[in-house]
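A short worksheet on the structure shown next.
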Amino acid sequence: MEAIQTNAIDAFTTIFRRDLKLAMRRRSELVNPLAFFVIVVSLFPLGLSADSNMLLRVAPAVLWISALLATMLSLESIFRSDYEDGSLEQLVLSHHPLPVIVFGKIAAHWCTTGLLLTLISPALGISLAMPTENLGILLWTLLLGTPTLSLIGSIGVALTVGLRRGGILLALLILPLYIPILIFGASAVDMAMHKLEVAGQLYLLAALLALSLTLAPFAASAALRVTLE
Amino acid sequence: MMKFIHRFASPREFFRISGRLLPWLASLTLLLMLIGLYLGLLVAPPDYQQGESYRIMFIHVPSAWMSLFVYTVMAGAAAIGMIWRIKLAHVVAMNSAPIGASFTFLALVTGSLWGKPMWGAWWVWDARLTSELILLFLYLGVMALYAAFEDRRTAQRAAGLLAIVGVVNVPIIHYSVMWWNTLHQGPTVSKLDAPSIHLSMLVPLLVMTVAFTLFYVVVLLMRTRWEIIDQERRSNWVEEFLEQT
Amino acid sequence: MAAQPETRVESPRLVVDAVKGARGDRVLFEDLSFALHDGQLLHITGPNGSGKTTLLRVLCGLLAPLEGVVRWRGQDIRSSVSRHRLESTYVGHRDGLKAELTAFENLQIVARLCGCPDGEGIDDSLRLLGLWEQQDIMVGHLSAGQRRRLALGRLILKPALLWILDEPFTAIDVAGREIIEAQLIRHLEDDGIVVLTSHQALVHSKLRDHCVTVSLQ
Amino acid sequence: MEAIQTNAIDAFTTIFRRDLKLAMRRRSELVNPLAFFVIVVSLFPLGLSADSNMLLRVAPAVLWISALLATMLSLESIFRSDYEDGSLEQLVLSHHPLPVIVFGKIAAHWCTTGLLLTLISPALGISLAMPTENLGILLWTLLLGTPTLSLIGSIGVALTVGLRRGGILLALLILPLYIPILIFGASAVDMAMHKLEVAGQLYLLAALLALSLTLAPFAASAALRVTLE
Amino acid sequence: MAAQPETRVESPRLVVDAVKGARGDRVLFEDLSFALHDGQLLHITGPNGSGKTTLLRVLCGLLAPLEGVVRWRGQDIRSSVSRHRLESTYVGHRDGLKAELTAFENLQIVARLCGCPDGEGIDDSLRLLGLWEQQDIMVGHLSAGQRRRLALGRLILKPALLWILDEPFTAIDVAGREIIEAQLIRHLEDDGIVVLTSHQALVHSKLRDHCVTVSLQ
């Protein structure tokens, strides 16, 4: 019993470190969700008339939607390359519990996307004319929300990874699940900007995070087993 | 002339000649930089409107100019490399990208530092600012594409192609952004055109510009030399050189 | 259809019992039964499209058989998963290597995941496979055959009883083939079990002594 | 001379029909850029507080940005699957001029994405509370703009197709090039909603289309030649 | 390193002249020269990673040689592209088939692109390759060997003088191998030229008569 437990932790760290190393190796992957986030956010001032009052009012929605899209676009990296070169098959066949392995991969994904997005978000908030005292709440909602995005996303990727062209189908599966997070996240920032109380939203985001932390690795593992057949 | 170009374009000759030039160029750069900063920060009078904060101009304006200039050089070199298959041109193009991106970044940072006291905001979606930001993305795209390939020759040509496509787009971006911003509501941003500039400010500005250009040349030469060493590390002359040092 | 291995006293390690496999609507094999004892090699043959790959995936538990069961040490591999997983190694059509990591790093991950201490084991495998000099090259830069050799490295690293190999000799040159056959022989002599498919006949006579054949139509 | 010319046209139609047929076969691909477009557009009422005055003002930007993202996400289908299964190699080695083949693929891509997006856009405009008299101009800008998106996009895909994980890198390369189209397109719709003259923008969009029609197939072919090495 | 074909009176069709090939920083072959006449088969051999694939890609013009030229009918293939393309067929490592189309539709596209009338030619090829019954199955559902057979179908459909084949026998069973060797013999007897790599020796003795070998180190 003891022995198996430490083994599972070993497996988690092996996978986590492996995926981080892979993300470092393909340097572009580390930089790019970030770059995408920055670019999409800056499309809005370009599409809108760049009047700062208007920008300010759409800022929470724009930031959250962009973070969501950036995460969504990078989701495939959780499983696709492993699927394509056959590594996923090998991981599924390993004697460690699959949820542990999947959890290692999700954790690595969040560190290379959601965490980075969160860290850069204040700068983008400023570019959309957000007042500095609201940047804290932006950070908090993203910090609580983006791990949930990675976790839920992993289920979608696991379901679509066997398909030839998962990309857009994935978006279709995932977006409806992302909507609650988007609504809570964006409205929390919006309300904070109107000087309203937002603890409720934050608790809800935290609850969603806890829920997906416990369920998503299992759901994603089950999905993988099915699609790999 | 052609013969000289070809000789200079051979890695070995380039290495030899640039090795001789470098120390001189580097000291000249340093000297001009010091003179420019001295004149700009200490000698030039404070501005009657902006007080001391305008002095950031001596960094901002040259780096903004350089950001455009370097992009042109990069795309030109890439085109030369693609058309005449000159290795050295590709190397120059690809080594220009990070330098140009740094200048662009510097222009953005100094600009927004300047913008805070001037406009009360770090960033506004003004035409000039926006196109400078897009220029940064073009640079980053070239660099990312270059880094993404494992084979160096492929990387150089692919990223070079992107640089060329980008240069077609730069004027389009420039004008589209101007249009877009002026067509809407009136200018939210105070116009940048300063009234005719005083000589005591113009001189340090020009000195700094020359210094920045030289700085670009020096860094470019240094990076190119190291890349040549890396590329040709199996050939005899590089081994000889490495033994000497 | 099923092969008739010589009867032995001990109970067989791997038992395939009335298994039916299908892809899409097509039934590929039906009522297929055989049993393997320690030290036996099963060579699955059959023309293109007869279902060899499908059968191997059933044997390693990636695919559920439509009917019948596969038993390892007497237990259904679909219900008591971990014992079978711990004791078997599958090398499929695809190599399962990360192109961005070096040859060494790839083996390191294999070693860590199967809980064996790295270090020497990895060095030995690299030497054995003739990849010692390539150990710090990224796998994406290796040639088709070098990659295949590395994929087979997991056989050497992970101490498993059952080896399941789908066309292991693809892209591998003559010298490489000899190395791998030697490994197979060593494994069989240590009482291991091997199941493989290959359109080429096995070269080494010692292998043929251990060999049982099942051919699909 | 005659003979070669008709051959080139044959090659174009062969490729065009092949790619359309492939898009039909993988049904998901036909539906999905559309679905993505619809979903992203409907995220905005969710992220914003759904007040219709606000929606109306952001509608042109949102529609255009979503169309742009939907096109961008489907770009990979132009070349990636052909690259992965080796068909692209074979197409490059065919004796037909590569730009003709590339052009056939781009045309098929536009028919299955940009054209469909354009056709559905009026319905989405209405859902964002746009007045009906402005839907015509929305249609026109998209009709002139989306082919340019496919054309420019093909260069980006051609450049990144050989890379293991082109997805987000592609976005980084392509978005700066898309910005002028976005600005002209969105501002034309916006100005039409303010009852201003927009012929200028439409001419510019047409000019960009003409420019990319003549250059993009050649640039994309050159890029393919480079990255396939 | 270079092979010495018997000298003939006519000038050789394919000439490889002092070619140097490299991947990454590594030089794989240098100063490699040989010439092929009509009716000759060139078997490129060499251990894993020696550069066989690289050489084939140079020969079909996908990769520029670092030095030297490849000449087809006396002209550099990198400068006068279309003649060489028209007259040569390359079947590489990957099959170049669309998984979503049926076997028939795949061959149809090949036929249309090389300008030959479809219809009969396609039927004949399917029959010849033993894929007549699979013609309406999507290629994604075919097995590895069936797909490889279909990929080789382009040799039969497109009337080309020069065939360039990278490990054509991968995943193909014994019967399939015989079919393909028979095609090679027919092509050579019609004065065609074949360049191929394969780690397995050629079986048919007639092929060996036409065969020249170049081995890379």
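Per-chain numbering from 1; labels A, B, C, D and E assigned in written order.
In the analysis below, a contact is a pair of C-beta atoms (placed from the backbone, for glycine too) under 8 Å apart; a residue touches a chain by one contact, two chains touch by 3 or more.
Remember, it's a predicted structure, so these values are computed and weren't measured experimentally.
With steps allowed only between chains in touch, the distance from chain B over to chain E comes to 1. Comparing the centres of all chains, each the average of its CA atoms, the largest separation from chain D belongs to C. At the far end from chain A, in terms of centres built from Cα atoms, lies E.
Chains A-D form the pair joined by the most contacting C-beta pairs. In this assembly, the C-alpha centroid of chain A lies 36 Å from the C-alpha centroid of chain B.
If you average the CA atoms of chain B and of chain D, the two centres end up 33 Å from each other. Touching of two or more other chains is recorded for residues 26, 28, 32, 35, 39, 46, 49, 81, 164 of chain A. Within chain E, the positions touching two or more other chains are listed as 23-24, 93, 99-100. Annotation for chain B: residues 137, 140, 144, 148, 150-151, 177, 180, 184 touch two or more other chains.
Residue ranges on chain D touching chain E, taken from their complex, read 7, 10-11, 14, 18, 21-22, 25-26, 81, 84-87, 89-96, 228-229. Residues of chain E that touch chain B in their complex: 23-25. Within the complex formed with chain D, the chain E residues making contact are 60-64, 82, 85-86, 88, 90, 92-101, 105, 109, 112-115, 154. Only residues 26, 28-29, 32-33, 35-36, 39-40, 43-44, 46-49, 54, 57-58, 60-62, 64-65, 68-69, 73-74, 76-77, 81, 163-165, 167-169, 171-172, 175, 179, 182-183, 186-187, 190 of chain A touch chain D when the two sit together in their complex. The touching residues of chain A, when paired with chain B in their complex, are 26-28, 31-32, 35, 39, 42, 45-46, 49-52, 55, 126-127, 129.
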